[in-house]
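Below are structures written as structure tokens.
Shared chain: subunit A. Partners: subunit B in the first complex, subunit C in the second.
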Partner chain A sequence: MPVETWLIFTLGFMILGSIVALEIRDILSAIIAISVVGLGVSMAFLFLQAPDLAIVQFLFEIFALIILVRAFIDKKNHQFEPSSSSMVMTIVGVVAIAVIFMLSIPMFRLLPPFGEPLMSVSQHYLDFGASETGAANLVASIILDYRAYDTLGEVTVLFTAILGAFAILRTTAKHKTAGGNDE
Partner chain B sequence: MNNHGMTLIVKTVTRITVWMILLYGFYIILHGHLTPGGGFAGGVIIALAFLNVLLAYGRKFTQEWLNIHLLETVESLSALLFVVMGVIGVVIGGSFLANFLSKGALFHLVSAGTILPLNIIIGFKVAMSLFLVVWVLAGVKMSKGGEA
Partner chain C sequence: MTVYLLCFALFLVGLYGVIAKRDLIKIILSIGIMGYAVNLFLILFAYKRDAIYPILTPGAAPQVMVDPLPQALVLTSIVIELGTTALLVALAVRLYQKYGTFDITKIRRLRG
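Now for the complex of A and B:
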């Protein structure tokens, strides 16, 4: 079967998973259903022959799943409040999505064909990546040599995230510097 | 030993498998320039191994097993080291983050110049960051439960 068939099957499975996650009452079941979407993305990356992305996506999905399950497993009531969405709002939402889709059809025509990148620089990476960087894994040669500056930005994002988490979620107050305990 | 964490079965399995998971994470980091994976994926695997211990054994045991302050130091140092590698690239190679080390032979473990050290730095960075975020979040949850 061609790769497009597998992709459409995976995407349909992901849409099904997200609908189940929205409609189901039990919150743990919703978390499991939403993780179907992330694992579907991982499968899609595998079909598109991007194992690096598939590994990272798979690991982060497991990571998010563990955190979400751990956060909600102790809750006494797992049930959602049934959302009271009126018929009018549903129609408005569907019409809005349809209008945006119609408006974006001319943009889809401008996209390059499947598997043919728009930027000519990627051909340079394919031709000279191994000889210029010495890395057998072309993805590593891009993210850590050609585009290492972007990776520095990623490191900065992680550093800022952990800094913010420690600053906001600090469990112990600074009693000593405040000069006295507050009761 | 103590009543924290999960059952004896989970603890025993964790005690055996956590080292294998850590080894796999280090393998993914070290072979980042040869096989799919790299510092980011390997770092997440190491963070998941620590998370495994945290879930199975509980917070108190993990605090004794891991030196959290050391993890924080490693986390900050790896961010600094990345910038230092970039500055060394300016001095030797002429541009920021230039590949100033020897390229070596293709498909060899020690090859690809600065990609291998940068992979190791990113691996430590990601592992410590992700584990510490979960650690801080779990701490907030516990302190709310036992309101002092």
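Now for the complex of A and C:
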């Protein structure tokens, strides 16, 4: 079977899973549904010949599941009473989404067709990556050699986000000691 | 082109969740869906027909490999997404501790 068939099946499954995750009442079921969508992304990466990404996406999914379940599982089951404004927002949202989708179809015609990438810069990486960096995995040679500053910035962003999460979740306030030296 | 449109439809499902849902948890999940769709779109754009993964093994020619550059960028993007998800969850938990609800229409005292 061609790869498009598998991808269309996987993407349809993911759209269905997303709608279920957004519309279901139970929060635990919504989190599980979103994890199913993420594992679908991991499977699609395997079909698209990106094994490194499939592994990283799988790990991301497991961590995200643990974080979301740990954070939200003990909150009391909240049922929102349906209001007229939320119904209006739903209708407005669906109409806006449909209009955006219709308007986007001509834009997607301008892209190169599926299966024929541009490869203007990447061909250099493919041809000379092994001799210039010595890495057999060309993705690793890009993130750790050609674009190492990107990776450095990524680690900085990740560190800042985790630091922010700890600062937000901190419950004890910092206060000065009796001697006045608060370091 | 069908796969591009389906991927964009997945993005729009996430956008619908962000603008139409009142539950803070659902909004966080919608942002996650949008992230999945963007990552997947970049990798769809990198696929070359009948090509193999960009790892040099004996007998693999560089002419029949998929584009490695979007894969490297998306690898970065996935890891950053984990950090932003953790930050969003921390903010939501903190708001729940202060207001006792996840309903964004009830969280109104955010001024000063």
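Going forward, the second predicted complex is superposed on the first by the 155 of 183 C-alpha atoms of A that agree within 3 Å, B and C clash if a C-alpha of one lies under 4 Å from a C-alpha of the other, contacts with A are read in each partner's own complex, and residues count from 1 in each chain.
What we mean here is this: a residue touches a chain if its C-beta (ideal position, glycine included) is under 8 Å from a C-beta of that chain, and two chains touch if they have at least 3 such contacts.
Since the model is a prediction, treat every value here as computed from it, not as a measurement.
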Larger contact residue set on subunit A - subunit B or subunit C: C
First (subunit B), second (subunit C), both or neither touched by A:Leu7: second
Which superposed partner A:Phe114 touches (first subunit B, second subunit C, both, neither): second
Subunit B versus subunit C as contact partner of A:Tyr125, first or second or both or neither: second
Which of subunit B and subunit C A:Ile62 touches, first, second, both or neither: first
Partner chain(s) touched by A:Ser29 [first = subunit B, second = subunit C, both, neither]: neither
Partner chain(s) touched by A:Asp52 [first = subunit B, second = subunit C, both, neither]: both
Touching partner for A:Thr156 - first (subunit B), second (subunit C), both, neither: first
Intersection of subunit A interface sets (partners subunit B, subunit C): 51-52, 56, 60, 63, 67, 71, 130, 136-137, 139, 143, 151, 158, 161-162, 165-166, 169
Parts of subunit B lying in touch with subunit A, wherever the complex brings them together: 28, 32-41, 44-45, 47-48, 51, 55, 75-76, 78-79, 82-83, 86, 96-97, 99, 103-107, 111-115, 118-119, 122, 125-126, 128-130, 132-134, 136-141, 143
Residues on subunit A engaged by subunit B in the complex (per definition of touch): 51-52, 54-56, 59-60, 62-63, 66-67, 70-71, 130, 133-137, 139-141, 143-145, 148-149, 151-152, 155-156, 158-159, 161-162, 165-166, 169, 171
Subunit A to subunit C touching residues, read off their complex: 3-4, 7-8, 11-12, 14-15, 18-19, 21-22, 27, 30-31, 34, 37-38, 41, 44-45, 48-53, 56-57, 60, 63-64, 67-68, 71-72, 75, 78, 80, 83, 85-86, 89-90, 92-94, 96-97, 100-101, 104-105, 108-109, 111-119, 121-122, 125-127, 129-130, 136-139, 142-143, 147, 150-151, 154, 157-158, 160-162, 164-166, 168-169
Residues on subunit C engaged by subunit A in the complex (per definition of touch): 1-10, 12-17, 19-23, 25-26, 28-30, 32-33, 36, 39-40, 43-49, 51-57, 62-63, 65-69, 71-76, 78-87, 89-94, 96, 101-103, 105
